Structures are given as C-alpha cells and as structure tokens.
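Pasting the structures in now, so scroll down.
What follows is subunit A paired twice: with subunit B in the first complex and subunit C in the second.
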Partner chain A sequence: MAEAREKARRADRLAAAAIAAVASLVLVAVFLLFLYLVREVWPLLRSPRIVHGGQFEQGKVLLARPGELSGSLWVLREEGTLEISPGGQLVGLEGVQSPVRQALTDRWGRWLGVVHGAGFSAFRLRSQVRFQGQDRVLELRARTVVFGDPGDFELLALGGEEDPVAVGRWGQGLCVLKGRSGSWEAQSFSQPPPRVAVVEGRGGRAWIAAADTLVLWDLERGTRLASAPLSSSPTSITLLLGDLTCVLGAEDGSVTLWEAYPSGEGWVLEQKGKFTGGSPVQALAPSPRDKSFAILRQGVLELANLTSRKVAAQVPLPQRADRLLTFSPRLDGLLVGEPSGRLHRFAVQLGHPEVTLGTLFGRVRYEGYREASWVWQSTGGSNAFESKYSLVPLILGSIKGAFYAMLFSGPLGLLAAIYTSQFLSQRTRGVVKPVVELLAGVPSVVVGFVAALVLAPWVAKHIFLILLALVFIPLLLVTWGVLVERLPRPLQLAYERRWEALATGGLVALAIFGSATLGPVLEPWLFPGGFLSFLHDRWGVSYDQRNALVAGFALGFAVLPLIFSVAEEALSNVPPSLLNAALSLGASRAKAVATVVVPAAAPGLLAALLLGFGRAVGETMIVLMASGNTPILSFSPFSGMRTLSACIAVELPEAAYGESLYRVLMLAALLLFLFALAINLLGQVVARRLSARFGGLR
Partner chain B sequence: MKGLKVFAGLAGSVVAGTLAAQVVQVDPRIPEYVPTRQVAGNLNSVGSDTMNNLMTLWAEAFRKLHPGVRVQVEGKGSSTAPPALIAGTAQLGPMSRAMKDSEVDAIVAKYGFEPTEIASALDVLAVYVHQDNPLAALSLPEVDAIFSKTRRLGYGKDITTWGQLGLTGAWAGKRISLYGRNSASGTYGFFKEHALGGGDFKDQVKEQPGSASVVQGVSEDLYGIGYSGVGYKTSGVRALPLAKKLGDPAYEPNYENAITWKYPLARYLYIYVVQDPRKPMDPLVEEFLRFVLSQQGQEVVIKDGYLPLPFSVVEKELAKLRR
Partner chain C sequence: MSAPPVRVSEGLPSRAIAFAALVVALALMAGMLLVVVVGTAHGFWPRKLVAFTLADGSELLGEPWGEEPDPQAPGNRRVRLKVGNRDLLGQDFVFVRLAEVVAEAYPQDAVVLERWEYGNFYGFPVLLKYDGREVAPGDPQFEQALTAQLAKAYRITKRFATLRARITTAPSEEELAELNTLAAHLSSCNLTLRTASGVTKEITCGEVVRLWRPNRMGLGAQTLEFIRRLWQFLFSEPREANTEGGIFPALFGTAFLVMLMTVFVVPLGVLTAVYLREYAKDNAFTRGVRMAVSTLAGVPSIVFGAFGLAFFVYQVGGAVDRLFFAANLPTPTFGTGGVLWASLTMALLTLPVVVVASEEGLSAAPPEVRDGARALGATRWETLRRVVFPYAKPGILTGVILAVARAAGEVAPLMLTGVVKLAPSLPLDGTPPFLHLERKFMHLGFHIYDVGFQSPNIEAARPMIFATTLVLLLLVVVLNLLALIFRNKARKALEGGVL
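Coming up: the complex of A and B.
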C-alpha cells in the first residue's frame, strides 16, 4: 500500500517537473519573441548619422558634385574644364571660353549651365560607372545642347526633362531659355527683382523668390500663377523630390515649406511648415531618394525631414564652409565646400527620419493635403511618394472590428452559456457544448472567404430585411415569454420540458420569414429610393459592401466558441450548493440563476469576454478578406476598416528588410503582442479571483 | 501568409483566362528557340506573384528542352526580387513593375553595377465595372478623381457617385464602391504612378489580396469599380475603354492598343538579372532568357493570359543578352 502511494507520488513529481519545464520553455519563447520585436523596432528611434569623411583641397572651383560611385566627384574650374576625382580625368566643355563667370546644375545634376566669355552654354550631363579592368571608375560626358549669348545676366536655375530650361535675371526682369533654339526670352517680373529660383523637373513652372515675395511662375506664358508675401529675405530655394514641396531658406534663419494648391481657376501658395534656426540659411539640398533635405547654416549642417517636420541630425562645420551643398546621387554622402576650394565630404546614413511619435500617432499635413490628418498609405510607385505611416487608423480599425465582433458574439456567447449550463438537461448539454466548440475548428480562412464572397454581397442586397429581422426576433421572443409566464404552472412545466426548444426555433423562423415577406413591401413604401440611398442622403452614412457588420459577424463567429466555452466553464463551476440554497428558499430557477449563479460567475464571464476580445483583435484572415482593408477613420458599422493584424499580413511581404515600412509593421506587431499579453493576463487574473472566491465552498 | 495564397488560389480557379478568346498571335518574326547547347543545373526565381504562373509555365516548357535543369519559382511580391538578387539566392528576379531607384542603389552597393532589366511580356491593366453598368468609357483624370484624394491629374472635383460620370436614372445617386489591389503588388504601384499621377488612393478603396478577387468583388457589387490585370476578366465584369486625357478618344484594353501605347495602362513585366558587364552571362540564365524571348516563350505568355512582346522589343531585349 505504502509502496503504491510512493510510486504515485513519484509519478506526480515527475509530471509536475515536466509541466514546469515546458511552461518555462513557453515563457522563454514568448520572451524571445518580445525581444526580437523590440530589436526590429529599435532602429526607428536612432537618429540619422552624418560623419565627417575627410576634407581635401581642390583649388578654386566653381562647382562640385558627388558622382554615382561612392567617394567620387567632379569639379568645374574657372578655366572651363570638368575634372573627375579620383583619377584626375578631364572632360572638355565644347565652346566654353575662359574665364567661366558662373556655373549651375539642376538639382539632380542632369543639366549643366555655364556662363562664360562667349555667352551661355547648357550641357546634358551623363555619368556612368564603368569598369576599367577590375576597378570601377566614374565616367562623365557633357554634351552641348544649346548655346546662346544673352549678354549681361545672372543665371538663377536650370531644369527640364528632354530639353533644358534656364532661368536668369536680366536687369530687373527675368530671362528664360527654353528648348534648343538658343534664344532668350525676356519675361517681365514686377518689382523687386528675383533673387533665387528653382525650376520644376518638367520645366513648365518655376518657384522664384524676390526680397519680399515668393512666386509660382509659369515659364511657358511668362505669367505669375500665384504669390505669397515673405517676412524675411530669401537666400536659398529648392524643391523636394516629387516637385510638390518648395523649401525656402531665409536670412533670419528660418526655413519654410510651401505648396501650391489649385483653387478655382488658379493656384494658391500656402505655407505648411517652418523650421527656425539661429544663423542665416546658406544653402539647401534635397535628398534624391526621399523627402529629406539638408540645411547649411554658418558653422552647422542639419538634416531635416518634410514628413516629421523635424531636424533629425546636426553636425558642426568649419565657419567658412558655406556653399556647394549636394547629396550624392545614391544618398550615401554629402558634399560641402569652402570658398578657398576646400571640400568636405560627409558619410550619411539617413535611417528613418520620417518615422517619429508625431508621424505615427499625430496628425500630419502630407503633400497634396489641405489639412493635417491621420493617414495610413505606406507604399507608392516611386521614391517620390511620401509614405504615410499613421498607426491611428489601424488601431481604430482593430478596435472597431473587435467591438462589432463582441457586439454579436458577446451577448450570444454569454446567454448561450447561461442557458446551456443552467437550463438544459444534462443530455442535451452533452451534445450542445462539443458542437459549439467544434465551430472553433473551422479554419478562419474559410470563414473569411465565405463572409467576403457570399455573405457580403447578400447582406448588401438584403440589409433592410436583416435589420428588420433584428427587430422582430427579440420582439417576438419577449412577447412569447410573457405569454408563457401567464400559463398555469403544470402546463408551463410541460412546455419547458418538451416544447420550449422547438417553439423558440419556430418563433425565430417565423420572425425571419415575417421580415422576408414584409421587407420587400415595407422598403419601397418607407424609403422610395431604397434604404441605402436613404441612409446616405439623410444621415450621410455610406454603405460599403465589405463592412464592419459583415466582418464583425464573421469575426464573432470565430470567437463565439471561445466565449461560450470559457463562460460555460465558469458557470458550471459555481458550487451547486449555492443554487440549491436559493431554490430551496423558494426562488424560481430563472431568479436563482440571475441573482445567484451569474453574479457568482461574473469574473469568469468577464474573463470570457476579455479573452474573446483579445482573440478578435488578433484575428487576421477573416478581417483581411471581409473588411475591405480600408484604413478609414470611422466607427460606422456600414463602412470597412483595416486592422493592425490584416495590415501586417498584407504589407509585410512587400516590405524590404530594414526599411521604414518593415520596422513600422514590426512596431504594429509589437503593439498587438503587448495588447494580447495585457488582455490575457487580465483575463487570467479575473478568472483566478473566481476560483479564489469559491475555493472554500466545495 | 498561407491563407492568402489559398484565397488567391480559390478565387483564381473561378476565373478563366478570357484573353485567350481574343485572337492574339505572337509576331512570326520573333525567332524560334533552338537550343544551341545543353545546359543543366539549378535556376532559382524569386519575385512577383503576378508573374508566378508565367514563370512556372516558362520553367516547365524550358525543362522539356533541357531536362537537366531544375527550376524553382517563388512568388511573394515584386519587392522580394531585389533582396533575393542581392543575397544571391536567385538568378532571376521577375517583377511586375520597374525597379525603384532605391532598389537599384542596393544592388549597385553590393555588386558595383546596375541590374539588367529584361522585358518579358506585356500586361494591360483594365478598369472594371459591373457587367450591368451602362458607363461607356472613362478618361485617366476621371479615374484619378474616382480613386484618388489628391487628384494630381487635374480633374477639378472629387467623383463619388455614378451620376457625376453622366449616368442617369437610378444610377445617378448611387455611390461608387472602390476596389483595388493591396500595396504589396506591382499592380498597385503601377496604377498609382500612372492613373493617379503618383498621388494617394482614397482610404475607401477596398484592398484585395489578389488580382482575381478584385474582379470577383466588382462582379458581386453592382456599383463597384476596380482595377486589375486584363487577364483576370470574367463575364461578370466589363473592362472600360480609357482615354489619356479628358476629351481624347478612349481605347479598348486590347493587344493592338497596348502595343501602340494608345491604351494608357499597358506595362511590361520584367525579369531582372544581375549580370557583371565584365563577364559573359551564365549559360543557364542566358538560355532561359533566350527561351522567354522566343516564339515558344511568347506563346506561353498568351497561354497565361498576358500579351506577347512586339518584335521590336524582343530584338532590343535580345541585344542586352548578347552584350
């Protein structure tokens, strides 16, 4: 006897040890998952790195630009020669007579304009990385495209796609060269004279700043499209990648962001952002790959970002470095020059300047938007796209989906659990419970698929009937219940024993049949244009086929077994002595359940709801298919949503490892993880309180 | 992600290639593929899911001629191609859009030269409406105003109802219901660049995880409109003729209009390879690409519901291989 007991005890200990080991392994795995997510999100917090990569003397140069090959660059000397470094290879500029008075490139280094002894020449620059044996060298070609002699003038800006467009100051007015004819056209620009200018990539328009005004100028017609007053005198101007945002640097140290919006027949200029700084702005350079730009002030170089409206990094500079600020074409370096010809090279690692707490959770005024808003739209067709990473619509979408799922499955699950555990016979209960739990085994892909392709179109067609049925069913059931209460006691008991289930089912069927027959008659009578049109015209509610109602229903279908199961468990665990005591004191069964059993099991019921909510928030496939994935800011049941989980599933395959989108999606995953953890912990704590409460009663 | 594939697969099986019904023929001037040498070994392809079927069909046909070749095709999205080319896990990177500058940068940073871009087939994006929709045609600025909140193409007003497009009667007051692809696809990026002028989609566009499910969505939604490859067309939807500008003539999305670029939403499907300009091309890759650009290869394109390349393009692409 004692031996057998000892054996059992040993087995117990062994099992306990094994379970503890597995449990701690699970904990370790969860913790590692958490660490992994944190590691992937962490780089979002790092600021960009600019490192001084050395300085070198080039002698007196008019122009210098970094080349395609990292570490390479070319310079333009006063004698009118282009020199490539390293290597020292010279590229002749046809027709240029020494000395060169002025030279400019467009923002991306595709056009070179030179004002020299004989006049003005524009060149098409093509740079290429070539192999010379095993070494890579920068090759540069400059093809003369146009030559003209405009006389005494100052070149302000270059641009154009196929043909060059040059803008210069001619006395007090503007002179513009378009195409390859070589003739300059005078365009009258009212007082004061233009100071700085930048030409849009396509060459049709230019942004021109005079001492006190900023002007959007139509180069084709030579007219002013729009203008805005300036508070400080401009020193530098540029357009960010995509040509939508104009950045203007001023003498008072401010950098302002401008955008042109169509307004009626014309355009208006609006200032949509401002950076302040201590010393005058000397130069600006747009990034060739995103919406970042560099600001050069006396003694400091700053990297700023349009989306976050923040200066992400700063580095000190020699006081005299005040010109030739350019990004390298592949965004890995930056070049700054001193008047003496000394050049400074910086290595740049931009990181994720567009992702900040402000852009993730706050309202941002994006390019093309008239007001700040929360927007999720991560990907575009080119680098000129301004990524929009607001998590707010996604978080709202997750909550919305889970809310509508709970609206359907919460009451149904709890009531079903109460009915099953307290009112059904032991035998029926033995059938109902496993069947409901079997529902949990239906793959969510299938549920989502059916919801999206069968349910959604059907609901859209019959929405009025469904709403009607939702009114009829409870109405009919409650009325019937009141009637049954009036029956004599023996009849009532017989009814409850034999006919209740059948009658309830019949009533529900009757309600559905009633709304199906009444609906088509009532709808045209009540709403002549159709119910959905009425909704839209009267309340501005738009109905989308893939909406929260459908997705919530499908999602509720998926979480219903969980809620039912946990709640039923909690109710069944209420000690029968409590119920019996209430019954023996004369309470009806319904009364005893409502006042004794349900309050006693309340923590368990709450835990069921919490766990259901947690599961609904994390569920992916159903919402992915049935919700439409629309990242909108609306809680309407008739519109769709995009949840965090569905968004991760849809976009993660597209996100290249390490880019901003990838890290933001990892952040979304981290948020989901933390949320699920919190909900589950809360559920556990609540459930534990239940067992603590009745620990002594059994 | 498995579920996504199942979904796309299920929806795809409902749809039959209807483009095959149109008589599209490969230009007879395109050379037949004749194997000049026997090649063997492993050929890995990682990239576009749009081109997944196409790559598999090419691979099967190619293996008949070169039994010693094993081809593995993985299609998870165009953006997966550049990382695979960089890591060297794939020799072929099929993409349904051109590489972005930043992706080219990454390849240059690793190899020191730019990737070689080979156009392999022609695809036409169609704007679909429900088959009972009476709308005759659209112009790109109108498409922009329907799908976009930024309206870069210059249409003055937002379009939200069918009445604003000139439909009358019961249609006039009905709201337009928008369907589109998810941002993981090259289709999404191409449409954004060319139909929205680089602007933003409305938040109300219902993003579908597969090309077929966009068509499915529109065919089940009387007031729906969506964009997807023309190869996914079903009898439940109608592909609208499109015009480049307001007032221009609209063109049907068919082969003739695609190769003359009259229809504004035609695009190439590319295969990218990393080819060191100092070295001859890997014979396995070269033979495969020659096969793709041959009479037989282009017939496979038609079989899969896409459009074959015109002769002039094939010539140009073949020249890239000979370089």
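Coming up: the complex of A and C.
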C-alpha cells in the first residue's frame, strides 16, 4: 500500500514538473515571437561595410575590371592584350598596335574602346564562367565591332547597345563618334571643351560636363537637350543603374545628383541631392545591382546610396590609389588601382543601404519625382527600379481603416450594449448575447467577401440613399421620441412596456423606405448629374468602388461583436445598488443609466473601444478584399487604402528571404505586434485608472 | 392646492436610438446570412434556356442571369445571358438588349453540356455516333442511347484519370494496354451539336460530365438538380482554375489542418490551463504565463503568419532540410510552406482560446469534490485526473470547438505558411508514407479569397464563391453553436454542483 502511494507521489511530482514545463512553453513561444521578428529586422540596422581584402601587383596596367567569377579580374596591358587573372590566360585584341594611348570601358564592362597606334577600335566584351575540369574559370572574348582612324582626340566615354557611341574631346570642342557598319562616323560640335562624360546604356543621350556647365546631349540628333551651371569644376561623372540619375564629382569634393525632367517641349536639369566631402573626387562607380555607388577620394573610399542620400560606409586607403574604381558584377567587391599597377581589392557587404529611418518614415525624393514624398512601391519591372519603402502610407492606411471602423461600430456597439444590458428583459438578453457572440465567430474572409463583391457595387450605386438614410433614421427616431414624451406618463410607461420594440423597428423601416423613395427625387434636385459626379466635378473627389467607407463598414462589422461583448459585460457588472439608488430618487430609467451606470462602467467601455480599435488595425482579410489595396495617402472615405497587415499578406510570400523588402515587411509585422501590445497595456492602464475613480463606489 | 404636474423625462429618444442600434446590429448579421444564402441559391438553381432572336437576325441561346437597366438606352433593360461555349465565343456572358429582341423562345430540345474543359456548352444535339452506329434526335432510341453512352464515357474517363495518376515512371505492360483500350473506347463515341447561331461542333463523349435539358424540367426535376449540384460542389474536385467543379480538396485541407492543429494545441492549451488553475503560485512566472496568454490573444493574425514564415518555415524547415533532405536541395522540402508549419502557426494563434475555455472548464469542478478527494489522500495529480477532469471535459471541448472554428475561418497566417490556390495532391493519400506533412494544402477561407479576387473569370465563378462562403459560414456557425451548447451545459453543471 505504501509502495502504491509512493508511486503516486512520484507521479504527482513528475506531473507537476511536466505541466509547469508545458506552461513555460507558452512563455517561450511569446518570447520567440518577439525575438524572431526582431531578428529578421535587425540586419536593417547593420550598416554596410567595406573591408580591405588585400593588394596585389599586376604590373603596369591600363585598365582592370573584376570578373563575374569571385576573385577573378582581367587587365589590359600597354601592349594591347587582355590578361585574365587568375590563370594568366591572354586574349589578343585584333588590330591593336602599340602604343596604346587610351583605353576605356563603358560602365558595365560591355564595350572596350582602345585608342592605339593604328587608330581607334571598339570591342564588344563577352565574359563567361566555364568549367575546366573541377574548377571554374573566367573566359573573356573581345569581338571587334568598329575600327577606324578618326584622328587625334581624347576619349571620354563609351556606350550604346548594338552599335557603340563614343564621346570625346577634339581640340577645344566636343566630338561624337558613332560606330556604323564597322567604321566610325565622326561629328564635331563647338561646345565648351568637355572634361568628363558618360553615355547612356542605349546610346541615345550623353551627360557631358565642361568646366562650369553640365549638358544633357542628344547623341542621335546632335543637339543640346538641357544644361545647368556648375559651381565647381567636375572631375568625375557616372550614371546610376537605370540611367535616370547622373552623379557628378567635383574639384571641391562635392558629389551632386542630377536628373532630367521633361519641361514643356524640352527638358530641364535639376540637382536633387548633394554629398559634401573633404578632398576632390577622383572616381565614381555605379553599383550593377541597385542604386548605390562608390566615391573615390584621396585617401578614402566611400559607399553611398541614392535613396537614402547617405554615405553608408567608408574605408581609408593609400593616397596613391586614385584610379580604376569598379564594382564587381556580383556586388561583393570593389577594385581600386594605383598608377604603379598595384591593385587593391575590397570586400563589400552592402546590407540594406536604401532602408533607413529617413526612407522608412520621412519624405524621399525618388527618381522620376519632382518632390519628396511618402510612397510605398516595393517592386517594379526590373532591377533598375528604385524600390520605395515608406511605411507612412501603410501606417496611415491602417489608422484610416480603423478610424472608419470605429466611427461605425463604436457608437453602434456601445449603444446596443447599453440597451441590451439595461433595458432588455433577462430572457431576451439571454437570446441576444449568444447571437452577437455567434456574429463574433464569423470569419473575416466572409465579411470581406460580402463587403467587396456584394456591398461595394451596391453602395456605389446607392451612395446618396445611404447617406440620406443615415440622416433620416436618427432624425426620425429622435423626433418620435420627443413627441411620445409629450404624452402623459401612464401612456409613456405603457408605450415603454409594450410598443417600444415595434415602434422603433417600424420607424427604422420607415426611414429606410423614405430614403429609398425620396432619394431618387432629391438627388437630381440637389446634385444635378448625380451625387458622385457632383463630388468629382465640384470638389475633385473621386469615388473608388472599393474604398475606406465600405472597408470601414466591413471592419466595423467584424469588430462590433467584440465591442458589444466587452461593453455589455462592463455594464452588467455595475452593482445594481447604484442603479436602484438613482431610480429610487425619482430618475427615469434612461436618466439613471445615462448618469450613473454608464460613468460607472466607463473603464470597461473605454477598454471595449480600445480593444476594438486594436483589432481593427490588425485585421487583414477584410481590408485586403474591400479596400482596393492601393497604397495612397488620402483621408477621403471614398478612396481606398493599403494597411500594414494587408501589405504583409500580399507581399511577404513574394519577397525573397533576406532581401530588403522581406526585412521591411518583417518590420511592419513587428510594428503591428508592438502596437497590439501597447493597446493592450493602454487598455489595462486606463481601466485601472478609471476604475479607481468610479469603481470605488462598490 | 393641486400638485404641480410631474414631468419625468423617460429619455425615450435615447432609448429609441439605443434600441435601433441593437436592431441594426442583429439585422446586419441576418442580412449577411441572407445575402450568402440567396447568392448560393441564385447561382445553383437550374435555369431554363432561353433562345433570343435579335433584330439583326442573330440567334442566341443561354441561361438568363439577371436583368438590369440598359445604360446605353435609358428606360430599357438588358439581360445578362450566359452563353457558355467558351471555346467558340471566348467569353461566357453577353448582354442582350431587350429593345433589340424580336423573338423569345424556350426550345424543348436545347441541351446544356457540363464539360471537363471550357465550361458549359449550350446547343442542340444533331447526331450521336457510337460503336460505328449513328443515331439522330428524331430516332426513338436516341434518348436512351445518349444517356447510356454518356454514362459509359463518364465512367471510362474517371477510370482513365485514376489509372494515369497512378502510373508514375515505369508503367507495366497491362497498365499501358488498359490505357490504350480505354482511350480507344473514348474516341469511338462522338456527339455532334449545333449552337444557336448554327455553328456545328463535334465533341467526344468523354468530354462531357453531364447533359441535361433544362426546358423539359419540372419543379421536382429542378429541385433534384439543385441538390445534385450542391452535392457535386461538396465532393468533387475543382476544374477550370477553381471556377467550376467542387471544393472537396479545400474541405479536406481545412479538415486536415484543423485536426493537425488540434493535436498541437490541445495538450499545450489544456496543460497550461491546468497549470494556471491548479499548480500556479502567485509568483512572477505565473504572471508571466498569464501575460503571455493575453498577449497572444491580442496579436494580429498576420503577425503569427510572419512569425510562422520566419521561424517555422525558414528556420526550422531550413534546418530539417539541411539535416534530412539535403539530397533535394536547393529545392526545399520542409523549408517552404506546408501543412505542418501552417498548423503549428494556427496552434499558436488559437492557444488563448483553448486556455481560457479550459480554465473555465476546470473551474466547473466544485471545491467540495476536490477537497473530498484530497481528504481521502489523493495526490494533486490523481485528483486532477480522476475527479476534476470529468467536470472539465465540456469546457475543454468548448475550447477545442472554438479553436477549430477560428482555424477554419482564419486565412491571413495561412497565406504565408503554405496554403495554395490549387494543390496537386492531398496531405493524406495512398502513397507511402501516407502522411505528407510537407505538402501545401487548400483551405476553405483562402478559397473564397482566391476565387473571388484572383480568378481569371470572377463572373462565372460567382455561384462557386457564394456556395463556398455559405459552407464556411454554416460550418463556423454550427461549430460556435455547439460550443455554446457545451458551455451552457458546463455552466449548468457548475451551478448544479453535480455531474
């Protein structure tokens, strides 16, 4: 017997430990939830890093570019051969005779232009990574596209798609060389002598900087499209990925950002950003994958980003290293060279330079926009698209939706709860409460579906009627109530006891019927042409079928049972002694409820509203379906919106693990989590504070 | 001296407004249910086929799907006619302006063919060819032959599909031979039809799911057809990008998800409730667990989805892949959304519901009974197991039912952790290891969202969406009602003090 009891006691201790362990799992789960969200967001805070990866001698080189294979590069020697390293494989350049006076590539290493003893050759470079046995090697091929002798000129830039276009200085003017059918067509223009130039990828336009002017040049027509004065002499120029933004480095150390905007019949150049620096800019290199770029100054290498307008990372380097700045194609390295031929390699950890507090919450001037604004547009057609990650439209969208939801369901829920807990008989209350709880169980998908596919078109057609009904119903009810109050007391009481339900229901139906019949008559009289076209023409307000009004109504519908239940619970928990005291002093029931019960239940009522608001902010499906899901910044009830939650639901499945969009969406999830926590805490604090004030009567 | 008249304000206007608020709140729910029921009935009730002859001589045959005012000719009306024949006409619906209609008829021999591909066909049968014989509609044997041949072709098509699905890489000789015989059977039966505009089309009998003549149906036949459609809807596979067919995989997927979730959430939730109710001391740990439960209750559902994606899918799933399924990499097995991760995420989401309901259930055991057990020398664990638990069962069951109802309707977290528009296979099937927890699945709630907002042909799919919504709504309402009944039973037991 004692054995059995001992076994039972051991089992009891084991059970207690196991149960406590399971309960702790819940705690662990919540911590994990918070921790993992933070973990996925944390890399956003890490700044990009450039780390010196070593230097090596390549002998005297004219050009060097990193290859697609990690750690590889090719160099151009004075003799006119390309050498691939590692491996030492040589690629001859056809027709090139020493001395090689000048050599340039375009920004992405597709074209190679060589000015040599026999003239000027343009080569199309194709590089590939091939398998040689077990190893991978870089293979480079240079195909002669154009060869000719255009005379003496200084080559400044190269570009183009099928046919190369070269821009250079000829004497004291500008010369443009177009490669057609294997030979050069030269054009010279009397323009201020260019210092630096860059040609767009398609070869249609070129940005040319002279000593004190920046010019946008039309290469096809040979005319100037736009120009702007420069305050400092330019030393380096490049175009960022996408060819929309021009980056210009100057003698005074400033790096300015320019963009061309259509104006009237032509174009205008606007400076849209500036980075200052100590020493003159020696070279600029655009990133091949995003809108970042590298700035080489004397003694320091910087990594900057267009969207954030910030220098994200810096690293010192030897003063002698002043040329050959290039990004590796995989964006994991930078190459800088010295005149002696020594090359420095840098490893780059880019991180997420385009996501900063400024770009998430502040106004940013994006490419293509004349003004700084808050925009959410995470993806575009290509890599060259500038991702716009402002959380402001999303946050405002969440608040807008919740606001319209509370506008509808706050008063409705509270009033319904007041009536149910104070004026309904016990029996009816026992039916109403479960019914409303059932309503709480309706999935939000169903509500969203009905709202979007049934309600939204109907509202669009009958918006005027609805607004009319919203005015009529309270008006009619209040008027009727005031009239009935004029009756003698016995009749009033009889009414309360027997006719109230019927009368109120009938009046609501009457008001709806009245709006339905009067609406078609009133609308053309008050708003000729229709209410919606009136809004559009007079006030410029456009009406989207799926808008904040419909979504707010649906959200309110979903949140209504929550507000009702919590408020009803709070009202029912008010001690009956309070109510009875008021009644015994002669107050009518309604008066007693309004002046005694409602204030006593105020903590619970406020908690109900807060919980409802919190729930409305976090709701996803209804907004996804009924709001049009457009990330615009507008408080109009007739336009749509996109909320944080809907954005996460739509975009997270498409975001690649670890990329900026993924982390920004995780940040949005973290914000929602913190908001829910804050609302819960606020609700508890408010409830306790008010409880201390009013609840002391218990 | 007479007393001054007593004027007591009853506050009737405010009462009226408050009562109207309640009425509106209740009416909204009834209204929503009504909308869904009417939408389903409207979509599934078999319609007659109407043949319009227009002023320009053209003929149209189809199902009328609603009248509305004609925006191009104010004062007149137009009819939305479902003309089907997507393979011939490119669109399902056309607008017929009543002002242009010269003649309207309900031809008795017009047929509707429900097909495996391209939707419905509306037309008139011209010729039936089978086993080398030809029968025309005038022939007395036509009807019989038609019904028999179509039924046979339907069976053969189903057998063909099952067989082909079973054959994977190396089919045996017999299987190949059987496939060939079946294919030969199918191609031997053809039906030639004529559309209203006179175009003839020949289709094989195997393309037809069903054939019926709506204009010959009386009310009884129509009711039977309606019920048959609802049945098909519940138990057949979807077709035509979810716009036709049924929702069986979605029902199965929802049921499977919910059952798997229950396996996780019930032990976790019930034991947590047991701890909070029976074993908890007033210390920081208990407060922490309570706060954890209430925090989980307040977190928006999409945040659970984001966590499920980051932790379960990428972290745990990635680790599982690297440890056990490295051969498949870089194609993820568990490192992508699936029914296992989705059910774990939903378990976290519905945990507070189960905890609260279980706590309530545990309170149902009267203290006298507990004390009595302890007085007899039972340990805490023994009391719990033998005495308290029977009282707690209704409460726990309530919690489970509410959790199930919540999981059936919650869509947002699933969108991130493994639900798909169309799943090629079910998570539970006949191929070993029979339980495939890494597979993606379909879900009723997501089905509504997907078909209603992301399908290529929303108009044609409208009846499907309404019906799916009705199914989900009924499911959730029934579950909640059950939970309500159990909770009331539990409360009555608590008040009564006896089992």
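We take it that the second predicted complex is superposed on the first by the 645 of 698 C-alpha atoms of A that agree within 3 Å, B and C clash if a C-alpha of one lies under 4 Å from a C-alpha of the other, contacts with A are read in each partner's own complex, and residues count from 1 in each chain.
Convention: a residue touches a chain if its C-beta (ideal position, glycine included) is under 8 Å from a C-beta of that chain, and two chains touch if they have at least 3 such contacts.
Nothing here was measured: the structure is a model prediction, and the numbers come from that model.
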Overlay on subunit A: subunit C relative to subunit B, clash or fit: clash
Looking at the overlay, what does A:T420 touch: subunit B (first), subunit C (second), both, or neither? second
Does the superposition put A:K591 against subunit B (first), subunit C (second), both, or neither? second
Check whether A:P653 is in contact with subunit B, with subunit C, with both or with neither, and answer first, second, both or neither. both
In the superposed arrangement, which partner chain does A:A669 touch: subunit B (first), subunit C (second), both, or neither? second
Go through the superposed model and pick first if A:V445 touches only subunit B, second if only subunit C, both, or neither. both
Contacts of A:G529 with subunit B and subunit C, given as first, second, both or neither: first
Touching A:L624, do we find subunit B (first), subunit C (second), both, or neither? both
Partner chain(s) touched by A:A8 [first = subunit B, second = subunit C, both, neither]: second
Which chain, subunit B or subunit C, ends up touching more residues of subunit A in the combined arrangement? C
In the overlay, answer first, second, both or neither for which of subunit B and subunit C A:L90 touches. neither
Considering only the listed stretches 75-83, 201-209, 291-299 or 453-461 of subunit C, which one runs into subunit B in the superposition? 453-461
Considering only the contact definition stated at the top, list the common interface residues of subunit A for subunit B and subunit C. 443-445, 448-449, 452-453, 620-621, 624-625, 649, 653, 657
Subunit A contact footprint on subunit B (complex, rising order): 1, 3-4, 6-7, 10-11, 76-77, 79-80, 82-83, 97, 100-103, 105, 108-109, 112-113, 149-150, 152, 154, 156, 173-175, 177, 182-185, 188-194, 198-201, 203-209, 213, 216-217, 220-221, 224, 277-278
Taking the complex as given, what residues does subunit C use to touch subunit A? 6, 8-26, 28-29, 32, 35-36, 39, 267-268, 271-272, 274-276, 278-280, 285, 288-289, 292-296, 298-307, 309-311, 314-315, 348, 351, 355, 377-382, 384, 402, 405-406, 408-412, 415-416, 445-446, 448-449, 452-453, 462, 465, 469, 472-473, 476-477, 479-481, 484
Touching residues (chain side subunit A, partner subunit B) in the complex: 68, 70, 129, 131, 134, 136, 242, 262, 288-289, 330-332, 366, 368-369, 375-385, 388, 393, 443-445, 448-449, 452-453, 456-457, 460, 529, 533, 536-537, 542-546, 620-621, 624-625, 628-633, 639-640, 642, 649-651, 653-657
Subunit A contacts subunit C in the complex at 5, 8-9, 11-12, 15-16, 18-20, 22-27, 29-30, 32-33, 36-37, 39-40, 411-413, 415-416, 418-420, 423-424, 432, 434-439, 441-450, 452-454, 473-474, 477-478, 480-482, 484-485, 489, 492-493, 495-496, 500-501, 503-505, 507-508, 557, 560, 564, 586, 588-591, 593-594, 611, 614-615, 617-621, 624-625, 645, 648-649, 652-653, 657, 665-666, 669, 672-673, 676-677, 679-680
